[in-house]
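The same chain A turns up in both complexes below, where it pairs with chain B and then with chain C.
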Partner chain A sequence: MDVKAIFYKIIFVIFVVLITSFFLLPILWLVAAPFSAQATLRVTIPSVVTVKNFCAIFRNTFAVRALFLNSILIAGGTMFGVTLFATLAAYAISRLNIRGRDIFAYLLVLFSSVVTGTAAMVPVFLLLYYLKLIDSYLGVIFVLIGGLLPTGIFLMRDFVESLPKSYEESALVSGAHPWQVFRDVAIPILRPGMMVLAVWAFVQAWGDFLIPLIVIRSPSKMPAPVAIYSFYTEGGTPVLTLISAYSLLYAIPVVILYLLVNWRYGFRFFGGIKGGGK
Partner chain B sequence: MKRRDYVSILPRSVAFAFLAPAVLFLATFLIFPVIWVLVISFTNTALTGPAGTSPSFVGVSNFSQLFNFARWMRLGEFGNALVNTVIFVLGSALLGQVPLGLAIAMLFHKRRGLSRELVFSLATMAWILPGVAVAFAWIAFLDKDFGNLNAILSVFGISKIDWYFDFPLYSIILFNVWRGTAFSMLLFSAALGNIPPSFWETADVIGASAWQRFRDIIFPLIRPNLFTALILVTLWTFNVFTPYLITGGGPLYRSETVSMYTYRIAFKFLEFGRGAAVAVIMMSINFILATIYLSLQRRRSLYGR
Partner chain C sequence: MTIVPQSFLSLQDLTKAFGKVIAVDKVSLHIEKGKFFALLGPSGCGKTTTLRLVAGLEKPSSGRIFIDGRDVTALPPQKRDVAMVFQDYALYPHMTLRQNIGYPLKVRGFPKKSIATRVEEVAEHLMIADILDRLPSQVSGGQQQRAAVARAIVHAPKIFLFDEPLSNLDAKLRLEARAFLKHLQKELGITTVYVTHDQAEAMAMADEIGVMFAGRVVQVGSPLELYRYPKNRDVAAFIGNPPMNILPGRLEPKAGGSQFSGEGYTLFFESIHVLEDTRAYLGFRPEQAQLMCDLKDSGIPAQLYAVQPLGSEVLITLLVGTETVYVKLYSESLPALPDLVRVKVDPSRLYLFDSTGACIKVPK
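This part shows the complex of A and B:
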């Protein structure tokens, strides 16, 4: 190796170390603090590894219910709705010869980019209020489905467009009903796409904080990201042992799903999609 | 056009039945709210007090309150939040995420192996982990006495910095660069992968320098993606709420962005009229950004890219 190549190699290594530290250091606390008996904001390798904090969480029925019932209900319900409705809609848009398909797609992107975040929550909250859906799982799930559907339809459209029509046409010729064609021909081929969509919708709903914060009122219905803010002492100081352990438990499903998708399909870009949620 | 293009796999009635649930949700939770928020912004709607039972029309007073230039730059007012948002978006999206994402994508363009896997996985984790969990980790990271950041800086002889009190806006900018770089990284990485290999071979043959390769091959070919990234990242950063979990907009509203301001007015003060007025302004800005994005996309498809 000549001098120039060595020089470039060193620059490269320095850059990689810097980038890795930048992305790794801020979340080290999340993996270290939960296993320390006296968690502080300091990141240390705990001298005695303890699972006491996790035991404390599993004894706390409110915390367990938030994570293992409420969060799963909300994320699962959203996942189911988004996957079903987006697949049906994307299939219909793709297989229907209709003018204005592109306009529909155009408006979909436009509205979903405009109606987002806290701005969208102002009218949506009032809407839920008049629909009597405040403080209900359904309220949260409906708003999440509404927010995720546009991106979901786009994601699914790519998969449906890549599906050759000849399979469906031959099924139609043999006398099958369009619904049967959809169920028995299209769905089995679209399954990988639906899996990706389902995982994406689950992760978006699982991580969302703003919607349940605004919509859910009673502690028994709070999902994990809202419930975690009750781990404070009466004086208002956070109980870091519980918060760190709970944060880790709450983050683990996302890590597992990421690894699963990465291993199964490779984590890549499906049409330039980032979930916005709301 | 070939005849078979007109063979419809779905009869219209079935297709509309398939579309119905999605259309119902989109109409209720996307289209209706836009119209309604406009109406509310001209009223004094609230959930409590006299206005709670019968909101009345107040004209443009919600808007004129927001743009009351005598006081709008005071901490906690709309102007302050707007200026903070501009700095936040410029710093974290335009100067942070997009250049950093491009740099990482270029660096690992033709490399495979452990270092690439490591950097890509960590950046993606930062992007997809739940906001609440990473917010607590960042509170710990930025802590004055125990935080990792100050611990590392002390190695270089830099004394303890109180990030939350002295640099709240820079703290959330740093956080947002960390949080969102993965999108630009993945986008540019895919774009670079689409550059035909013959371009690189030609560059090798003529012995082009790294800068020449960037200027003459990479930049012209990824320019459309660059604009896409800039617009989308600006749009998302403008609406992002997660930094609220780190600073709460504080101390004394010094890191309050427009999205946090909307939350405070509508959901803490429960002044929905005024909250709706801010929401209308936010949605108008979103509308402008989305229209630019869509016209860029359309021009791209015109050229077949």
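This part shows the complex of A and C:
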């Protein structure tokens, strides 16, 4: 190896180390701080490892309920809804021969990314008010589904497009009804795509703060991102020991879900039939 | 008023247009029960679309389809009681071969036990019984093909549809599969429509062939009929291995007949009468021509291009003007040929096509 190559290699390694540490530091903090009795915003390896912070959290029934019931209900409901509707819609858009369906699909995503978020908050709030869905899980779930669906459909459409039509046609000629074809042939082959979509939707809903903050009124229905504010002192200072511990607990379900799907299906954000689908 | 046709599978003036493109143009076919019918044509001629119309996967723009005396034109595919083997086999990748083969029975609501028995029986017959529990990705191309055929015959359909089922197999397996499919079809006696672009496949397997060009069925007949009496130049140039040699020239009236003049040769036809000097085409089969080394001999002057020994025969490529001509000699040894030769064909073996391509003379 000549000098130049070694030089570039060293530069490359330094660059990678810098980037990695930048992204790794918060994670290190998240892992270290919860076990420390006096956590600060610095990453320090605790001299005495303690689980007192977790005990304190589990004594806070409001926070526990927020994380293990409200958040799961909201994220789970959104995941289910987005996966179901996005799959059905993507299948329909991909399989029906409607004039201009590609433009329709693109407009869908374009508009949703323009109109989404804070700009839509007032109309969304009014809509939910008239539907009497303020302060209900369903209200949050509906808004989240609505927000995620366009991107979900777009993501799912890619998987459906890569599914050869001859599978479905063969099933049709074999004597299957269209709904049997969808259930027996399309769904099983699309399952990896649906799983990716489900995890994505779950993570989006799990981390969403704004919509539950606006829609949910009663503390007993608040999900974790909102409930985390109960770990601020009355003066507004964050109690870092509790917040870090709660954050760690808050991160675990998503990590587990990701690992589970990755192990079972492998993460792919594009379509394609991997032989056997195993 | 509709007249219910006598034949088992009947297509009446079937037309399918995709936008402005007419893929299938007034196709009428009548296929008898138990026959092996091949739909032959170059790619893009509409043969696969015709097959898909029969299967119900496409809706015709006009025309009707009858299966066993029943008008199925408006029926969805699942109610037509046909079976189709796709070019890519379309074996469901998430199901084992056993589940794949049993699927047509499952959707028909057969009890589990009888499905299992029937699948075993069919698999036994097609010699794939020992790999039933594998996934399609875990078996060879030939086995996948057999599994696809097994899935098609498992519910004893009225009609069997094949869409180029052998094109994904290598040459050796293809020959094997040809014999296997033909044997199976004869044994089961299921009316079959088989789409292919390979004339050798159609000739070897079919009882009857329909030749399609540009959406139209140009000629229907037995393999030998098509070989001997092609209706036009397109059919003649498509059938045979290699296909018929076609040479352009002019045909003019002469006392007692007509004279064909091509690149450096003239031929007299007694029985043919034309009114005026016209464009025409001469045709002859590679296997019916002879080569003369002596240039004083009469015949079509040609230049030697390549000599290919094929074992039992020798295929010789020649140039007549700018046209390529094939001659097949049944000889195991390589003939010593000069650069310039004469191609001689028994006049009774010659074909003539008029300016529109229609055949005006066939061998006696």
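Observations
Here is the rule we go by: the second predicted complex is superposed on the first by the 252 of 278 C-alpha atoms of A that agree within 3 Å, B and C clash if a C-alpha of one lies under 4 Å from a C-alpha of the other, contacts with A are read in each partner's own complex, and residues count from 1 in each chain.
FYI, a contact is a pair of C-beta atoms (placed from the backbone, for glycine too) under 8 Å apart; a residue touches a chain by one contact, two chains touch by 3 or more.
Being a predicted model, the structure only gives us computed values, none of them experimental.
In the superposed model, A:R95 makes contact with chain B only, not with chain C.
In the superposed pair of complexes, A:V49 makes contact with neither chain B nor chain C. For chain A, the partner touching the most residues, choosing from chain B and chain C, is B. In the superposed pair of complexes, A:I256 makes contact with neither chain B nor chain C. By the touch criterion defined above, A:L24 reaches chain B but does not reach chain C. Of the two partner chains, neither chain B nor chain C is touched by A:I6.
Residue contacts after overlaying the shared chain place A:L172 against chain B and chain C alike. Of the residues of chain A, those at positions 169, 172, 276 touch chain B in one of the two structures and chain C in the other. If you check the complex, the residues on chain A that touch chain C are 164, 166-167, 169-177, 180, 184-185, 188-189, 273, 275-278.
Of all residues in chain C, those touching chain A in their complex are 55-57, 76-78, 80-84, 86-88, 90, 92-95, 103-104, 107-108, 135-138, 151, 155, 161. Within the complex, the chain A residues that touch chain B are 12, 15-16, 19-20, 22-30, 33, 40-43, 84-86, 88-89, 91-93, 95-98, 106, 108-127, 129, 142-143, 145-147, 149-150, 153, 165, 168-169, 172, 178-179, 181-182, 203, 206-207, 209-210, 214, 224-225, 228, 243-244, 247-248, 250-251, 254-255, 258, 262, 267-269, 272, 274, 276.
Those residues of chain B lying in contact with chain A across their complex are 5-12, 14-16, 18-19, 21-23, 25-26, 28-34, 36-37, 40, 45, 47, 104, 107, 115, 118-119, 121-134, 136-141, 143, 145-149, 151-152, 175, 178, 183, 186-187, 190, 228, 232, 235-236, 239-242, 245, 259-260, 262-263, 266-267, 272, 275-276, 278-279, 282-283, 286-287, 289-291, 293-294.
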